[in-house]
Amino acid sequence: MNTIPVDNLGKPAIQSPLALKKQKSFISDTASIIYHVHKEEIAKELDENGLTFFELAGPRETIYFNPKEITCGIVTCGGLCPGINDVLRAIVIELFERYGCNKVLGFHYGYKGLTSKSELEPLFLNPDNVDNIHTTGGTILSSSRGPQDPEEMVNTLIKRNIKILFVIGGDGTMRGAQVLVEHIKKRNLKISIIAIPKTIDNDLNYVEKSFGFETAVEEAMRVIDSAHVEAKGAPNGIGLVKLMGRFSGFIASHASLASSNVNFCLIPEVPFKLYGEDGFLACLENRVKNKSKRHAVIVVAEGAGQSIIEKTMDKETQDASGNIKFKNIGNFLKTEIEKFFSEKNVEANVKYIDPSYIIRSVPANAFDSAYSLVLAQSAVHAGMAGKTNILIGYWNHHYTHVPINMTIEKRKQINPNSRLWQTVMETTLQPESIFL
Amino acid sequence: MNTIPVDNLGKPAIQSPLALKKQKSFISDTASIIYHVHKEEIAKELDENGLTFFELAGPRETIYFNPKEITCGIVTCGGLCPGINDVLRAIVIELFERYGCNKVLGFHYGYKGLTSKSELEPLFLNPDNVDNIHTTGGTILSSSRGPQDPEEMVNTLIKRNIKILFVIGGDGTMRGAQVLVEHIKKRNLKISIIAIPKTIDNDLNYVEKSFGFETAVEEAMRVIDSAHVEAKGAPNGIGLVKLMGRFSGFIASHASLASSNVNFCLIPEVPFKLYGEDGFLACLENRVKNKSKRHAVIVVAEGAGQSIIEKTMDKETQDASGNIKFKNIGNFLKTEIEKFFSEKNVEANVKYIDPSYIIRSVPANAFDSAYSLVLAQSAVHAGMAGKTNILIGYWNHHYTHVPINMTIEKRKQINPNSRLWQTVMETTLQPESIFL
Amino acid sequence: MNTIPVDNLGKPAIQSPLALKKQKSFISDTASIIYHVHKEEIAKELDENGLTFFELAGPRETIYFNPKEITCGIVTCGGLCPGINDVLRAIVIELFERYGCNKVLGFHYGYKGLTSKSELEPLFLNPDNVDNIHTTGGTILSSSRGPQDPEEMVNTLIKRNIKILFVIGGDGTMRGAQVLVEHIKKRNLKISIIAIPKTIDNDLNYVEKSFGFETAVEEAMRVIDSAHVEAKGAPNGIGLVKLMGRFSGFIASHASLASSNVNFCLIPEVPFKLYGEDGFLACLENRVKNKSKRHAVIVVAEGAGQSIIEKTMDKETQDASGNIKFKNIGNFLKTEIEKFFSEKNVEANVKYIDPSYIIRSVPANAFDSAYSLVLAQSAVHAGMAGKTNILIGYWNHHYTHVPINMTIEKRKQINPNSRLWQTVMETTLQPESIFL
Amino acid sequence: MNTIPVDNLGKPAIQSPLALKKQKSFISDTASIIYHVHKEEIAKELDENGLTFFELAGPRETIYFNPKEITCGIVTCGGLCPGINDVLRAIVIELFERYGCNKVLGFHYGYKGLTSKSELEPLFLNPDNVDNIHTTGGTILSSSRGPQDPEEMVNTLIKRNIKILFVIGGDGTMRGAQVLVEHIKKRNLKISIIAIPKTIDNDLNYVEKSFGFETAVEEAMRVIDSAHVEAKGAPNGIGLVKLMGRFSGFIASHASLASSNVNFCLIPEVPFKLYGEDGFLACLENRVKNKSKRHAVIVVAEGAGQSIIEKTMDKETQDASGNIKFKNIGNFLKTEIEKFFSEKNVEANVKYIDPSYIIRSVPANAFDSAYSLVLAQSAVHAGMAGKTNILIGYWNHHYTHVPINMTIEKRKQINPNSRLWQTVMETTLQPESIFL
């Protein structure tokens, strides 16, 4: 019975303001949630080192910081995602209205806002100026990519009296947060770094579903429906949709299930054959030639089929900056499909849609709004309690504390033998033969 | 390590057609998923009778029925819910396209369609005539409430050669299914009854989230947003929204989190005080009188405050058919609030919205579409495998087999000490004092 | 060839800042748009007093006010409507960014904000603080109903140096604006009153379509679709939807056309028979009893059938405050329908939906956003040019100047012989017999 | 007073079934609607040849065909557009339910379906099988482009006893309809060709607004909002959206007004300068460098800037099939903007979105649904009355009969001096200097 330990800045010794507000239930540090749920995995763990648990997130009765004395900071990093503004808003409201904090700084353009490169003063956030921000997508703090000098960032935190920094970001951002934590430790500072995982691709480990993901799937489904309508509207119509997902096909898979009009779903985790008798193109032809169908819908994640593209690129194309261009699996498939049908002298109308940013820059739907809210509240509770070096996870329907380093070990991907992928196979009715 | 046992019609002995289609992974009957996830509950179970597990749903390698020889039936019972047509469609497509069934009958108007009272012949369903039904809310089979004579229903099943009956419904429908199962057993028939739980209130036990629930919350959030806009648009504006939820406040609670503009959320599970110094009305007045707010938004589940209504009803009102009228908590609160402010000579504009059926008759959103799809596929797998007397549950992110009788023991409700309700308290900032 | 004359504060003598910005085209005061478009009406006018025209709205090359020296004011009055915030935003941006104004005051809670009763200081509006307001319904200035003392309002205008007051409101607001104009004239002040017509019911004369109307119809259609789904989902299901429209049935009519699933559409302008052989109830029964239909959808405007309700109310009910209650045509019809079917011993499931504020408190759709924008820009041009006592109309696809008094003579209503109503008859297929 | 004459197959002599149904009002052939509405144009016409009018559409009391004896046909041609299924549905319902027709054939894949190339039998359409089709975008009949042999098409019409052919299509389709009409006349047949204008670009003359246009603008606005969010979310973010519009910038212009977050709107009708001191790129830099903005949103119609692309293409690129590729103004602008900023060593994040088919394959919104419905009903009335060689127009808020040949003379485009374009200039605040 091992709960994964998390870092604490010190022993909490201050009664939580929530206790004074007659909050009825608090979460103790021993409360935790099981990691594995499958019988066979549990049996194995019981036989070996005992069951693994995650510490539960939530309000602690005793906290580490005096809310009235500290300043909190927030940065939003990496690509956009539905719900960031919900998270920002909920952090600010929780800090002010529940804990009685009155200084919250929003740094602009991600980690850059914590350095001297920043041209903008941080924004003083309060419940009034965040009141309505969640009705718009994106982040009011703007974002940027890439690491920054940790020394400089820590100096800013000190200068601004930041005691809790909320970091909203993905994979790369977590690595940055790690470095920041190390520098804070090295300098023996009592500054808490609390991360809220943000990834449109839903590819962070120990996070069942990232915020904004459902909204993105909703938008992706709309796009697939358009492709389906177009495919059915033209002779031998082929709707082709490229969706986000560099290393993980979660959006493509879930959107294919949600739409249920998809005939082929190609993702990075399951390599496929393009050519040959039972390759993708031949199977596509079968589908389109089916007299009662006469159309097809294909969904492809942007990271799918990269090895095929590389193989088929000849030298010349590569030189002419084709490199970047041809790695676009959407354009590549469009060209290959058109070539394939044209060589067979069969009319085919490929309707290619690349929704790009459309699926990620909308406001959060109801689920993601509520989810973002509770992630944010959990982050505030964690920070106030003096936790650090953690992200707020979501596991078996509970909010958890996960050490940041655990999440950057490797990316979450779809297991081809999982029920998820099997269900995609079941729903698309795409033949196993096209996959390697 | 106990997996809750489920009924089987007999030993499956036929190779699944999916195996012939090179399906890679099947689910064994021993695969199962843990029930409790909290450390303390697990510790307790380990100390006592061992951990409890649910059997996992999914395709079995060996099945009980020969798909080509049987007829399957479907009924949809009780109130509408987003996603019923998705379930219907997915059952039909799975039966035809994956298992090779070719006879599926849809009975009209719920259980009534299985009796001689039915004026309509059952509908022959096939992939073509269900192709587009999921774009519309409701159920193409229509629905009805109430029990029917089980004897007569079993006779219809025999007459129509129905070997698997898929029953889509809630609480009452499950009781009906129980009775049906008993009569089938008594008559020694090999007919499988597979239930797919449908409840807009999300109040079925052992089902983490019922299909259509998220869509309903989405619509409810839209309505709350309207009430919020109206409340802010008038002097001392008070937006009041009544939402579905007779015994469980899940829609009200989740919609309050999703909207995050709700100041009071009243649900059946947590009784409240209307009058008195720190009662609801006094706290509402405080909120509205707050110079920087000047408005309030209230969400009330239809089952909330029933005991208060009964107490305040005088004899006369009851006689004049007031009985029905006054049990409407929305109208009741509207009247009480107006009276309260009017007695204090304070202007107050109560904007009451009762969205009623609006939140449940829309098509499913992306999540619910995908969820309905997999529930349906799981139901088909279970039926084909000869399971019976079960419903398809969803637990810790996995699809499960749950004995029907387990779900009708008691309703799922919100525990006032749960994180869910605590989060609603945290988000609305409503005072604990108004609750008993 | 008569253009309806409008009031001017004086002769414009200042070159418009737009001219300095190289604006290519200006509108002259003689540019105007025809009133009648039907051949027979035109022939008649040509025979009699000559054709009638409305002055065209738009930027004038010479203006009356020096934008840098004046303060502008805005009030929003009456009920909410999609697009008010779009109008506010566009007025502010046009004044600042195009004309170089830098003082715009938003008064709270309608005309009340111009009096000493106002508890709030007016809001200084600028492009920054209105930047994102159009993503939310309602009005950031809040609204209120009812007239205020004109003397006091004029005093406020003087005190605040308001030279142009933009008044956003409906029927009642226009009457208020009239009184204000008279007082301004009496006191010989050079203050311009420019109205932007706002009416969710679309019942203002000389305004083809009021802003927000299309959005309201869109929402109403969604509600009707819900009622349709519910009606089809239950035995002899009858969907009944009450929509806004006290004196004019525009929303009910247009929503019935948009949904095209409506079987009966009842509006204030066309009285109907409830009882009797070919009355509404009998025809409803016919529809429901039709074996291939088995359901019906009814849309009723809130102002329809008022005379029937009055007739059927007995004395007693009236006394017991039943007055208000029974004038609710939705509840009344629900009761009568249920009684009618119950007396005939026919099962009928009436699904009543009263969306109330839902249809008017959403943000504007694309059309209404663009329309609100140009109305607002036209209002700014008119005010700057020294026009007064006008509202911005929309006629034959052009923006116009209409004297305020013309619009309050009588309400715009649906002519039962118009193509609009005939098209509703054509689409619902409701029998002529039910109408008087 | 000249009404533009339209073709009639002969003198109508049959009493309309609508008259038997007690329809109250019919439209006479003399009823008509004025063409010009501007005072100066009217004055000029009065001086010269008299005012011009369009014949009004609507039901005639006497009709030409006996509905019970004829077959009607429908084809849908060209690109998709929201509302086609609404039109199909309404034609069928009007023919069956109002006129008593009982044979309506839907030909597949446009004009091709009227030839021997068609592999599919035409579909027998009736109120049941079109009941729910309008909830999905596209056309259930599918579509295709290009002309077909008119002789063969006429033969099919004869063979199938088609007396009225409803043709739904745009520019090219109208030319095809013209040829068909000529062949029908030459062969002395009494077959009516009634066109319903369909163009997503809204570029058909004498049609104020084409059906589906508003829906497309709504979707385009959503996409622009995404681009706006992305632009604000990154350092020096530049949102770039390419919208449909080969020769006319109506979608780009109206979507820019609707979104009101657009800083540059480029359309085919108004050529622009890319380079140079006051060219587009320099002005874009100014906007982005503005410290209080730091972002920009650009909307470009696909037909804009074609002459610039041609000039900048060097020989080599043209040869390598670059021809097609480089005419993509979206990609071209993206490249040029990135090059421009990179040469200046200024960070710029161009977020390019090409929604392509997304904006046209959705179901119609409420306005377009109602509009499509009445267009269809008007088409049926016209066909039944023996009109031919016309399209159903919409002018000054009335449905009209327009000779087909009038609409193909030239395309409707935006006049740079029109209020529409001036309003776009006013709203985007883009400088006049960038336009030639």
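In this document, chain identifiers A, B, C and D correspond to the written order of the chains, with residue numbering beginning at 1 in each.
By our rule, a residue touches a chain if its C-beta (ideal position, glycine included) is under 8 Å from a C-beta of that chain, and two chains touch if they have at least 3 such contacts.
Please read all numbers here as calculations on a predicted model, not as lab measurements.
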Which of A-C and C-D has more C-beta pairs touching across its chains: C-D
Furthest chain, CA centroid comparison against chain B: D
Equivalent interface positions on chain A and chain B, same or different at half: same
Centre-of-Cα separation between chain C and chain B, whole angstrom: 40
Cα-centroid distance, chain A relative to chain C, in whole angstrom: 44
Interchain centroid distance [CA atoms averaged], chain C/chain D, Å: 29
Contacts with 2+ other chains: residues of chain A: 136
Chain A-touching residues of chain C, taken from the complex the two chains share: 132, 135-136
Chain B-touching residues of chain C, taken from the complex the two chains share: 80, 109, 112, 119, 136-139, 142-144, 222-223, 225-227, 229-230, 232-235, 237, 291, 351-358, 361-362
Residues of chain A touching chain B in the complex: 1, 3, 21-25, 27, 30-34, 37-40, 42-43, 51, 53, 58-59, 86, 89-90, 94, 97-98, 128, 134, 208, 214, 217-218, 220-221, 254-255, 257-260, 292, 365-367, 369-370, 373-374, 377, 396-399, 416-417, 419, 422-423, 425-427, 429, 432-433
